[in-house]
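The two complexes that follow have chain A in common; it is paired with chain B in the first and with chain C in the second.
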Partner chain A sequence: MRDSRSEKLFYLLNYVLLTIIALSCILPLLNVIALSLSGADAVASGRVTLWPVETSLASFKSLFTGTPIMRSFWNSVQITLIGTGLSMLVTIMAAYPLSRRQFYSRRFFTLAMVFTMIFNGGLIPSYLVVQNLGLVNSYAALWLPGLVSTYNMLLMRSAFEQLPGEVDEAAKIDGCGETGILLRIVLPLSKPMLATLALFYGVGYWNAFMSVMIYINDTAKYNMTVLVQNMIKSTSMIQDFADPTMLATMTPEGIRSAAVIVMIVPILAVYPLLQKYFVKGVMLGSIKG
Partner chain B sequence: MNAAPAADAAGPEAKGRFSGPKWKRFKTNLPLLLMFTPVILFYLIFRYAPIGGLVIAFKDYNFYDGVFNSPWVGFHYFEVLFQDPRTLEIIRNTLVLSLLSLAVGFPIPIILAIMLNEVRSMAFKRTVQTIVYMPHFLSWVIIAMLVSTAFAMENGLVNRVVEQITGNTYPFMYEKFSWVSIFIGSGIWKDMGFNAIIFLAALSAIDPSLYEAAAMDGGGKMRQIWHITLPGIRPTIILLLILSMGRVMEVGFDQVFMLQNANVNQIADVISTYIYRIGLQGAQFSLTTAMGLFESLVAFILVFTANTIARKFDQGLW
Partner chain C sequence: MSLFNKLPKLMLIAGLGSGLLAGCSNDKEPAAGSSGNTGEKERGSISSTIYDRGSVPNGMGTIEDNMWTKWINENGPANLKFVAIPRWESQSKLNVLLASGSAPDLIFEFGTSIRNQMFDQKQLMPLDDLIEQHSVEYKALLGKYPQLKQAGIKSDGKLYEFGRMNEVYPLVSVFIREDWLDKLGLQVPTNEEEFLAVAKAFTEQDPDGNGVDDTYGIGGFEFGDNAGLFRYIFNANWVNLGENGEIEVGPERLQKEAEFKRALYEAGVVDKDFLSDKDGSKSKQDFLNGKIGIYAFMTNDYMGFASRELDTLMTNVPDAKLKIMPLPKTSAGQFTTVWNNPVQMTAVVNARAKNPEAIMEYIDFLVKPETGRTFRYGIEGEHYKLEADGKPVILDQEKYKNEVSWASDFGMVYSRLEEGKYGYAETQFDEAIPAQKEALRLFREAMETYMTDLPVGEGLTHSEHMPQLPKELQVKFSNVTAAVHDIYTRAIISGSKYTIEQAADDAQKQWETGGSAEIVDWYKQWWDKEKDNVLIWSDFYEIYEQQQEAFKAE
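On to the complex of A and B.
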């Protein structure tokens, strides 16, 4: 189809605006990468924009040797892997029965769960529950209270419901029980949804901040989010940790930038692989309404 | 066929104890129920027990007597809250920040989705999408760091530009108006791409022949968007508006906590940060639970009202 002049203008404007939006999303990150890779003088005098100046790995060196970032990195990895595994397991255990038409009271259970999405006890009563269970200062306090996200559970349930009914009829005739149907048919067919929700839970645990701040007192158990937040809030903390001879070769800004890079890299590593899945997953959730 | 429930009506009623539809239903339900038991426990302990714990808003909670034995004080803490100008300010801040975020932030993913939908080059579209979805997955710690780096007084990218133009730097993070703008802008920046996904899904369901017909009739791009695209995704828009209405009372804790500073506290202190500071750090459990209960109730009423309105358009959630 031939475009009229106004249409050409529309498309041109559209491309320009979208390019600006995309750049706005990527430039701040490029700036931080450049800061983390630049020399201390260049950072301090503000000569770094989008490209490293006086390229040096000093910031990363001080970050790894002068701060407990490695320990908190492994804490984050541990919190994320175990938390995601547990959450996925229990979310499946919630979504599968609710997706079965013959399951007793599925409507009642669904309503009872959805109710907790729009009305909840809030921070203090939740804290008291965790405290009374003796979970304070253990990672269980990060995993258990947020084990199932009702929203994610509903997404998974509708993914299960959309599988063709004939397949599990056939499996039943072949002598498959409910667990067999779940493990051999439903789960393998729901891989996109499983990948999506694992990403959502994983990112949630990786970025966990408030729960760690509230429930974990032992600084050795801090994850990266809380450690980096502390580093940003107080420059003196960086100076406490860092080796004094190092301070001559780096700036707090450079170290912070390096810490941000360490936090982002794992997310950026899995994100492109899972993008097509989460787009599908979110769209699936929207159709059901 | 009569109108008996389908599950029980299937097949002839067998009288044996271990046969018949009821037994069959129980047999398939047993593994499901076993599987479901931990889920029930989870919801009872971590979702419903805290709701029960809300009673301490009406009690003088102390650690020794616990939730059950602490003395009742009725609406005392609510009176304290609503007579204190400081807490009224905090409620106002919460509403101002979230309503502004909603008013400014809600249309943007819709516009972004429509813009993406009008792109013809698939490669360009995919690249832009990949980039704009990404900030959603970054934590607020990182975004606050990016924001403070960009707007810093010394060496901040934005202030370096401002300095070149005006000769002076501007304390963006320390002035109320610019702080609120940055707060709202950073929220939009983080989630606009991700929130656009749902609208893109709705857009892909619109029949392309409608556009062809409109083009035949001489409708320009803007008219097509106004008369075809927007009505086409109206159900999705209303549905998401309801969902975000329910969240009006909760400005995310992380975002406020990371971005706030002493200079802007007058406008930047919200219910969630207040509950954290006064409740958890100051151990004023009953007072802040009363605040939390007020917050939950208002949110509940908002969702209900929004849903009732949406039902008039046949778009209700329930």
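On to the complex of A and C.
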């Protein structure tokens, strides 16, 4: 069927709009890349826009030798991989029973979890809990308190509920227990869902900032978000500069840009790999896929 | 059953749960009795904060465990355990540590409001007796600089803060392009009319000679380094010292500043888009590319200014010649730009600290010039050597950068000038480097121009010595200042649609309805009670004169 004129117009508008939105995401990124690859003078006098000027890798070199970025990069990787694994595991273990109609008090448990979405203790009580559990200064303090995102759990639960009940009846007749049904039927059928949620968790852990800053005292355990934030923000603390030697610790813009690049590249690399699953994606109600 | 029917039950469960948690979060340790017994020189153990700026080089350990923390533990009087505080988030990190009872004994913090907050929450230990009984070095420093005591005393009349003396010099320098003045046959402007005329000439007469209309008279109109310039010119501050020593609070002084800014804006001598240049970076870049004639910089650190901005300008525009410009005379009088804070409070002691004596010994250790010099230059013979006249010279810049440059936060109570001549900024420049040679010339010019007994255009005193309003008044005050600021900004850019007179009326109304009575009252009472204790600009000028005398005597 050929598109009508109004449809064509609609598509045109769509393309224009999406192009603008896409550019507004890509251009700042290009600018940061260009800054990280440019000479210090060019950066200071604002001659860098989208293409490196006086190209040099000096920023990256000072980033890797002059800051603890490699250590914090490795910390971020650990926090993200282990955290995502644990979160997925527990989310599945919570969502699966709650998706079973025969589970007696599933309504109560669901509501109890939803309750936590609305109310939370606040920073200091949370800190006291974590402190008294002896978790301060360990990554467990990042993983355990936010182990399950209720929202993600609900998404997963409704995805499991969408699966036709006949499939697991058939599995049961063939001799599968609940574990077997989960592992052999439900999970393989929910791959797009799992991939998407893993990405949600992964990005969350990768970007963890407040929790790391509050719970981790040992700077050797800082992740990249805290390090980069510290590098960027320390520059503007005017009151420090009463003592000019303090200025030596200021990080030039090129190095900060390089740090930002190092921080976003892993996530940028993961997105395309998971992209095919997004097409199927997640849903909460209504029909998709 | 719906969620709402179940809510009470759920809340009960949650309540019980949190009650349990609270039950086990009680502090185990009872307030420790004083460690009074004088067992001969047993090393005390204390904990201290240290700022983390993410700047410890790869392979140097962490900010709380590195060659300098080891050095302190080996050479200092006590065993130190360091807790890193992220520089930018120091407030929230300190809040959490204090609230959970795990804050270090000794807390270094630049932020006056953060320290005041700790005082208000009764988290701090008074220091008078401690210093009296156990200090040698710091006590001597207090004797030499009574201002250190004056600045550290809180509203209950006791001393709560340790601090350091800084060299007084201008924090902001106004630069004018001397090569442009010469080319157009103009003089440095001395009053409002001349200022406007020069800025106009800079904009319209193509001073860079490239045949394109791409220059502005003045940059950084609203944001960035230049932000305070017009405020300083007119002393357009909310809290001021009146003629007869009374405190004056209100927006009345802001009108003249807005009038002048409006005149400049309407004359087209400033980038019309100044409001969208939120951090002033566009304007700064224009200046560094030789497109702006008058620009004020934060030059608290002329060395840094030399290696960054000045160097960039000299590369981009080799012909550029800068000159320091005094603030013009105006209908409000003549003022000078803001100065550095010479009496800077930087450390407080946790009220729960168990071994105050060891803290005092540690502070005494940090105050010593030998110690302070170590955090500035490193170990003698390894990182620097002293020349015959006592000038410290870095032996290997690369090694210095890698091992020493990030250690300066360990020296937060160190008064550099105690080192003598080579503690002063003027002796830090390396004249073999062109940008630094030029910066030294400008620094001397700035000292001469701005360190005068003209009133400083920043109201009563340096912001770090201003008192803090109680919380709800502070909120009101911030709201009303922001609203008034918006009113005047509108008046600057709106032409005949909105005149300055209207704006002044609106500002006054805003101020009256925005809690002016309470705020004025509070400041008045504070001033009546504290005026003899508050350090003001004239005190700083005295310190400046003393310092310069000492410097010249060397």
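In this section, the second predicted complex is superposed on the first by the 241 of 289 C-alpha atoms of A that agree within 3 Å, B and C clash if a C-alpha of one lies under 4 Å from a C-alpha of the other, contacts with A are read in each partner's own complex, and residues count from 1 in each chain.
Keep this in mind: contacts are C-beta pairs under 8 Å (C-beta built on N, C-alpha and C of every residue); 3 or more make two chains touch, one makes a residue touch a chain.
Just so we're clear, the structure is a prediction, and the values are computed from it rather than from any experiment.
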Inset, instruction - Check whether A:113 is in contact with chain B, with chain C, with both or with neither, and answer first, second, both or neither. - result: first
Inset, instruction - Using the superposition on chain A described above, determine whether A:137 touches chain B (first), chain C (second), both, or neither. - result: neither
Inset, instruction - Applying the touch criterion given at the start, work out whether A:55 contacts chain B, chain C, both or neither, answering first, second, both or neither. - result: neither
Legend entry - Residue contacts with chain A in the superposition, chain B compared against chain C: B
Inset, instruction - Would you sort A:64 into first (chain B), second (chain C), both or neither based on which partner it touches? - result: second
Inset, instruction - Scan A:6 for contacts with chain B and chain C and give back first, second, both or neither. - result: first
Legend entry - chain B/chain C common contact set on chain A: 44-46, 112, 119, 121, 123-125, 127-129, 214, 228-229
Legend entry - Touching residues on chain B, where the partner in the complex is chain A: 7, 25, 28-29, 31-33, 35-36, 38-40, 42-43, 45-54, 56, 67, 112, 115-116, 118-120, 124, 127-128, 130-135, 137-142, 144-146, 148-150, 154-155, 157, 160, 189, 193-194, 197-198, 200-202, 215, 220-222, 235-236, 239, 246, 253-254, 257-258, 272, 275-276, 279-280, 285, 288-289, 292-293, 295-296, 299-300, 303
Legend entry - Residues of chain A defined as touching chain B within the complex: 1, 4, 6-7, 10-11, 14-15, 17-19, 21-22, 24-26, 28-29, 31-32, 35, 43-46, 49, 90, 93-94, 96-97, 100, 102-104, 109, 112-113, 116, 118-129, 133, 144-148, 177-179, 203, 206-207, 209-210, 214, 225, 228-229, 232, 253, 256-257, 260, 263-264, 267-268, 271-272, 275, 279, 282-283, 285-287, 289
Legend entry - chain A-facing residues of chain C, complex: 3, 6, 10, 13-14, 18, 21-22, 24-25, 52-58, 61-65, 83-84, 86-89, 92-93, 95-96, 99-100, 102, 110-111, 166, 281-282, 285-286, 288-289, 298, 300-304, 308-309, 311-312, 315-316, 340-341, 344, 376, 401-402, 405-406, 408-409, 411, 416, 425, 428, 464
Inset, instruction - Would you tell me which residues of chain A are touching chain C in their complex? - result: 41, 44-47, 64-71, 108, 111-112, 114-115, 119, 121, 123-125, 127-129, 131-132, 136, 213-214, 217-220, 222, 226-231, 233-234, 237-251
